[in-house]
Amino acid sequence: MTQTPLLLALDLTGTFAFGLNGALTAVRAVRLDLVGVLTLGVVTALGGGIVRDVLIDSLPPATFNALGYLGVAAAGALLAFFLSLPLERFTALITVFDAVGLSVFCVTGASKALEFGLDGVQAVLLGAITAVGGGTMRDVLIRRVPTVLSSDFYVVPALVGAAVTVVAERAGIYGLASALVAAAVCFVIRMLGLRFNLYVPSTPRRTSRRGEEASEDGGE
Amino acid sequence: MTQTPLLLALDLTGTFAFGLNGALTAVRAVRLDLVGVLTLGVVTALGGGIVRDVLIDSLPPATFNALGYLGVAAAGALLAFFLSLPLERFTALITVFDAVGLSVFCVTGASKALEFGLDGVQAVLLGAITAVGGGTMRDVLIRRVPTVLSSDFYVVPALVGAAVTVVAERAGIYGLASALVAAAVCFVIRMLGLRFNLYVPSTPRRTSRRGEEASEDGGE
Amino acid sequence: MTQTPLLLALDLTGTFAFGLNGALTAVRAVRLDLVGVLTLGVVTALGGGIVRDVLIDSLPPATFNALGYLGVAAAGALLAFFLSLPLERFTALITVFDAVGLSVFCVTGASKALEFGLDGVQAVLLGAITAVGGGTMRDVLIRRVPTVLSSDFYVVPALVGAAVTVVAERAGIYGLASALVAAAVCFVIRMLGLRFNLYVPSTPRRTSRRGEEASEDGGE
């Protein structure tokens, strides 16, 4: 499927939102300079797609090689650098844009993996990696246990969106319409998750029997 | 060398053990949800091989692309999620299975690197990376200084097993028998290391002269 | 451009300095064994170039595949392991050598990216990644927020050196002379930055309104 203007617009919107939100999260967690904020915004926005492209051997990575994506991600990060405080009033709006990014990335990620000949299960995983990989890299760089591993209802919508994409492709009906449906499914699940505080079951909170291991991280 | 049933069985055993042990370690260190436990189990089991395959340009990575490996790693992680407490009684057994994984991975990793035309030293390093890379990635994700860097007698057996593999290959006698010998050498060294508390010499424990650097991490 | 003896000598000097300085930094921050110190020295010295080679699809990575680079990086790390305390007297000298590494790596990194057909902006970024990527990986492994993201005047000289390289190449005058000029520009900026305490503007220090996020990392 060639990139339609609508999908491209959604993809760039998502990239901008990821750059902005990724940089905001970083700025709120650690003290960074301009270089750090730009780096973390761009890593959040492009990191997942880069990992996918490395794994499917589509190198150099597409978004890294396209000035538009780099520029849009950097613009989001710059905005976060200069306006991190006033932007706190728009947290709800930014979360919605971020969900747009999640939704588009899991669909385009899964679709690209299929194009490169990967099987269905792998394509679903790569769709999710495209969507959440960048944020995971950012969390590692700012020394947080990645939120997607511990508490956020963030991976599940991405997996579902990617799965819908793979099913549509296998059924021979993948195109702009079904891509939008898959993205919409992911978006709705993400929004419902936020609204109703859905979560994936966790391991039981442990009492600290192994002091050396549990002490610092036990409360995460 | 084509994959024999015996080597395949050992490889899958190791993958299962790494998935189980990797997820158990993660569960004991931080609070994770099901997505996180699955992710960390699979990363521990497949991460080292994926790094090796990226570096030797064998993409998409073999184990990532094989449903069997993904499934076995995920099964180990699931077991860890649901049975982390009762499994503590079987720590010794799990350590033995984990050593099987270490032993098979360093041999198959070195052997694959040679197949792809890398030199001996690089093949030894890639064998060790295959064996310990996944656990290192897990430790980074759960925010621990990787134990292989600081205290575990874990890399040395992997290096020796990989070296025996390379020597056998160079001597023209690499096959199932020598692969098993190389894995057995690694396994025995690992077990002796655990039994006799062997370790690699460390840097001296520093008194905290550089407060800002040494304070938090100094006691690791 | 073929590798001239002069550039090769500078490149190996930089690799040695990165291996030494990377291992010293690691040793001063966490307790490591010999395996850990060697690993972190080699990762610091070769990590940036490996990331670049993965992204431009030049695999296996050049320096990983060249015994000379591996050996020189390991030699630097060994020196750090055995002489970390006496070496503290030579901090100023090591910083100068480290700046040589930074300067050569950003130039050779950008130049190699252009050779592999990447565009100017990407080549500048890859030059900087070559120069600072290894140190960033080391910081992640020893659980520090990478200093290049937060406070060091380290990325800017690398970006400028890489940019001079790209401009020279585009003007058709890239060769040994212009490579040395580009490296010298980076070196001088780095030295001026250290001498006059230059820095990139940071985000404002936040008062801890979000306790759970800002508490531990807020003082970084």
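Order of writing sets the labels: A, B and C. Residues in every chain begin at 1.
The criterion applied here is as follows: a residue touches a chain if its C-beta (ideal position, glycine included) is under 8 Å from a C-beta of that chain, and two chains touch if they have at least 3 such contacts.
A quick note: this is a predicted structure, and the numbers were derived from the prediction, not measured.
**Q** Same or different, please, for the chain A to chain C contact, judged on whether over half of the interface numbers appear on both copies.
**A** Chain A vs chain C: different; shared/all numbers falls short of half.
**Q** Fitting on CA atoms only, what is the rotation between the copies chain B and chain C? Please report it in degrees, nearest 5.
**A** 120
**Q** Which integer distance in Å separates the CA centroid of chain A from that of chain C?
**A** Roughly 28 Å, centre to centre.
**Q** Pull out every residue in chain B that's touching 2 or more other chains.
**A** Within chain B, the residues that touch at least two other chains are 54, 57, 140, 143-144.
**Q** Given the complex with chain C, which residues does chain A contribute to the contact?
**A** Interface residues on chain A, with respect to chain C: 27-37, 39-40, 50, 54, 57, 59-61, 64-65, 67, 70, 81, 84-85, 140-143.
**Q** Quick one: which bits of chain C touch chain A in the complex? Just the residue numbers, please.
**A** The touching residues are 54-57, 116, 118-119, 121-122, 125, 136, 140, 143-146, 148-151, 155-156, 199-206, 210, 213-214, 217-220.
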